[in-house]
Amino acid sequence: MSSSKVATMRDAVGALVRDGDTVAIEGFTHLISFAAGHEIIRQRRRDLVLARMTPDVIYDQMVAAGVARKLIFSWLGNPGVGGLHAIRRVTEGADTSLELEEYSHFGMVARYAAGAANLPFMPLRSYFETDLPVANPLIRLIESPYGDGTVYAVPPLKPDVTVIHAQRADAAGNTQVWGLLGCQKEAAFAADRVIVVVEELVDEAVIRADPNRTIVPGIVVDAVVVEPWGAHPSYVQGRYDRDNRFYRDWDAISRDPAATDQWLRDWVYDLDGRAAYAEKLGDERLRALLPSGPAPSGVVDYGEYR
Amino acid sequence: MAVERPGGAGAAAAFSKSEMMIVAAARELAGQRVCFVGVGLPNIAVNLAKRTVAPDMELVYEAGVFGARPARLPLSIGDPTIVTGATAVTSMWELFAFYLQGGLIDVGFLGAAQIDRFGNINTTVIGEYAHPKTRLPGSGGACEIAINARQIFVIMRQSARSFVERIDFRTSPGNLGGAEKAERIRREQGWLGRGPSVVVTDLGIWHFDETGEMRLDFLHPGATLDEIRATLGWDPHISPSLAPTPVPTPEELRLIRDELDPEGMYTK
Amino acid sequence: MSSSKVATMRDAVGALVRDGDTVAIEGFTHLISFAAGHEIIRQRRRDLVLARMTPDVIYDQMVAAGVARKLIFSWLGNPGVGGLHAIRRVTEGADTSLELEEYSHFGMVARYAAGAANLPFMPLRSYFETDLPVANPLIRLIESPYGDGTVYAVPPLKPDVTVIHAQRADAAGNTQVWGLLGCQKEAAFAADRVIVVVEELVDEAVIRADPNRTIVPGIVVDAVVVEPWGAHPSYVQGRYDRDNRFYRDWDAISRDPAATDQWLRDWVYDLDGRAAYAEKLGDERLRALLPSGPAPSGVVDYGEYR
Amino acid sequence: MAVERPGGAGAAAAFSKSEMMIVAAARELAGQRVCFVGVGLPNIAVNLAKRTVAPDMELVYEAGVFGARPARLPLSIGDPTIVTGATAVTSMWELFAFYLQGGLIDVGFLGAAQIDRFGNINTTVIGEYAHPKTRLPGSGGACEIAINARQIFVIMRQSARSFVERIDFRTSPGNLGGAEKAERIRREQGWLGRGPSVVVTDLGIWHFDETGEMRLDFLHPGATLDEIRATLGWDPHISPSLAPTPVPTPEELRLIRDELDPEGMYTK
């Protein structure tokens, strides 16, 4: 029905991500588009404002590669492992060359929701009696018009580009996800441009067979990139597991600037894309990440009504 | 680190201070209904409780999961094993707005980098904010968990650097400057949370007394009051009925070592 | 795991709906619990504040039966047919004995969302340059703390009881819906007590096989009532169609107070519950409402991760 | 009611004023991408457009459906046939917040009980609000559609009671008191909508001129200017290039009569 938006990662990033953009690669531990992050590094974008609830290893790599001037975030770490050392190097001590704009998780989600809903602010009950509104003056008090006190507000976040990874989409960009949903829907609707990266391109009929599963409609999507293993070392529910080994390995790599540079050369600059990355990881490594068995959802019936 | 102790019935195995801490934290969850699981040590403590004292407890993960049944201990708090077989998966907007801010969480279980005597928590920076000595992860969901969960449990190792007179940044409010102010603020602002109720460390178990300050109620086997005093930055309240923490059972240790943390990530 | 909340409709309404309560029977055209509405009539509750985006035929019947003192709503009609005549009789001319509190659709949804999220208000861009804030002074202006103008706000709506109908739930009240979702999730989370009425009681394992399909967790549910055909003349996606004939028939019945009373006697007071109602409708009528064929969703795989 | 007319090619069938109105409204949707479908007459007009001039148009139903492909014309705007085979089904919160208020709707298609020369709409009450002569349905989603959809199409029968000098209640804003004020308000308040652009009646087609007032551009076959003037409460702007509305094609009539409204609910 709609014309195809299917593109290569190189073309999608080339056309849709510009120097100076605010870019959100979203996905809360699940479905993080490392493939898009690496392509942005490879195309040497500069001065990006990188927004993400949890910058994670992907933004540590992007910061190490010099693409970012600022982070907007709510939790800055390598979950279960420790710190993000490339980011720490430019945010600690005298040399704080990377600008930080910091919220809580709910604050970040509320910012995307306000952006998606075209609201000037979103109220929430967080931040009272904390130092966060001092650290970030964009967190502001607002009085209830019903005379029952004050709450805090956060401003809308409208990325220039949001990138999400998903199990599947059709060529028009109608996108379905199961497992953790994070704030991808809000981040996609809030953005000016949207890149959807999927494990599998499916026929429109697959999407239309289960419309409640759709999280982002094609109407807000600019490009659909088909990139199996595109979320590694993050994971895709039902497809492959989180590669915790990589998250642990990154701790040592990222503590050493030379090792970090070498890693970027070996795994990003010297490869021409995700297929080469997956090949370099090797079958054995990938096979070990497959689920131990299936866990089918079951079928529901929408019924035919003529 | 390991100490040898007689168990309740027969000889107990040796156990580490971290194992004692995790076991003590898990036991505090007995009888709780809905627990919001934080990253790191809370993750293993809550998963141990689910397998021992609180089998019916619903685990909530900020990633958007209610009623998780993780078949393994996830390294991260977002992991495919917390989704498969869960009761409900929601967007994070709904998780934070309806489940947490809406008042459905009985216990929020947090870790911390710094804590003060009133249970105020810092997970943001060591040093000054603009040019920190150490940049920590920040709030994540902790700030809103501290405000909205009915009560807050904390698990963290005790040290002079972490149990401080003044935290460098207040990420998550505890009992503020004491019980009186905390009660007033909570009432005035309609917070659902009653604040921190327990801090479990590698040395003992602290609850909060009527002044809003933490009070040592249990001392772990092998730990001493001198050690307690050497690892905090204020003169602590010690319960007149201070008791020794019951040692881990063989089953608790088996669960930690064989099922939850076979690689010893949390317990070394 | 949790103990069973399964109850009869009589017991659930008897225990959970009290005179004077604010009651929301939600479901936007889809999944309207006529069964609960009829039981509330049968138990002769009084002075209820009835909240619903679209009062529909069910609230027309409840108002005709004298259970309500007030409506909170956003669209007061018989969709595609015309007016709700029992309600019109007590809201027009000199005899306006039923109190009305009126919003727009988004305003009602935002009220439930604020209630569910324990917020003192929810902002929205509706109402400017309309007479609605004059008609309803609870619709109030609020200034953005970012100096970019004003928007309107609505206050939280926290029903004493919310009733929702669903395709299925387990005995603990974990509830799954497909097809139109309306504002049921928000209305359930906002309420003090929740009754879930289902076509089918399923094992917990059915729910846990597809956790993304769950809209309301058992933790907020007080009673689960199993009531096949409980939504008729509304519909249940995949189970039975909307009985448009009844919606049209109601127009004539409800224009005549005597016919309305007779209908209430025949179809509510003189029946002891939904099974008798379905029997009275008859097999032929019910069979005609079955979908013309199946429309299966397909299966997705969550994967086993041990 | 029916008039006989020569068609473009060969003799045309007889058609009713309602059929002409629905056909004219459907044709106005040519080239539109995303249309928000209101209850009543908009429902049949939009579904006709989808089968004729705008096959790629995405239908959005406020019930929470994007990309609907109704296999039959639903009586209500919530119906199982708008769900089966749709692209996406969402909560109404997301539909109103992200799709409508977020700015994705090109055309909001509304009905009305009363309209004034500036396209301001009343669907709430006839008479005074507290004790109305007639209690109408109220806003539903109309108020927010009028503010947030990029443009507004209206379809309604013309009569002296419905096309009035002053509406009794302003449910949905149109061009307010004229184009100048409307532009200023929309700019100041950051509305995404540009307001009403067409009103299709059983007598003709009105667009809005530079003063923000409706102007008759097409007169339906069989209707007269006297009839137009007799069925509205102000002195109307008539286009100097007023043209006759092209008559319904046999295919348009077949779709209405055989597929969309075989019972004649909308067209009698």
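For clarity, chains are labelled A, B, C and D in written order, and residue numbers in each chain start from 1.
Here is the rule we go by: a contact is a pair of C-beta atoms (placed from the backbone, for glycine too) under 8 Å apart; a residue touches a chain by one contact, two chains touch by 3 or more.
Everything numeric here is computed off the predicted structure, so don't read it as measured data.
> Touching both subunit A and subunit B: give me those chains, sorted by label.
The common neighbours are C.
> Between subunit B and subunit C, what's the gap in Å when you average each chain's C-alpha atoms?
Once rounded, the distance between the two centres reads 41 Å.
> So, what's the distance in Å between the C-alpha centres of subunit D and subunit C?
Once rounded, the distance between the two centres reads 29 Å.
> What's the distance between the Cα centroids of subunit A and subunit C, rounded to whole Å?
The mean C-alpha positions of subunit A and subunit C differ by 37 Å.
> What parts of subunit C, by residue number, touch at least two of the other chains?
113, 118-119, 124-125, 148-149, 178-179, 181, 185-186, 209, 212, 237-238, 241, 291, 295, 302-306
> Identify all positions of subunit B at which a residue touches two or more other chains, and write them in rising order.
65, 79-80, 83-85, 89, 97, 101, 148 - these are the residues of subunit B that touch more than one other chain.
> If two chains touch, include that pair; go through all of them.
All chain pairs meeting the touch criterion are A-B, A-C, A-D, B-C, C-D.
> Considering the complex alone, what residue numbers of subunit B touch subunit A?
Touching subunit A from subunit B are residues 39-40, 43, 62-65, 74-80, 83-85, 89-93, 96-97, 100-101, 124, 129-144, 147-148, 169-173, 176, 185, 188-191, 265.
> Please give the residue numbers of subunit C that touch subunit D in the complex, ascending.
Interface residues on subunit C, with respect to subunit D: 28-30, 53-54, 73-77, 79-81, 83, 87-88, 91-94, 96, 102-106, 109-110, 113, 124-132, 134-135, 148-150, 178-183, 185-186, 235, 237-238, 241-242, 244, 247, 291, 295.
> In their shared complex, at which residues does subunit A touch subunit D?
By the definition above, subunit A touches subunit D via 1-2, 113, 116-119, 174, 185-186, 189, 207-209, 211-212, 214, 217-220, 302-306.
> Would you pull the subunit A residues touching subunit C in the complex into a rising list?
Residue list for subunit A touching subunit C: 118-125, 140-142, 144-146, 148-149, 151, 153, 155, 167, 178-179, 181, 206, 209-210, 212-213, 237-239, 241, 291-306.
> Over in the complex, which subunit B residues touch subunit C? Could you list them?
Residues in contact with subunit C: 33-34, 56, 58, 65-67, 69, 71-72, 79-81, 83-89, 94, 97-98, 101-104, 148, 192.
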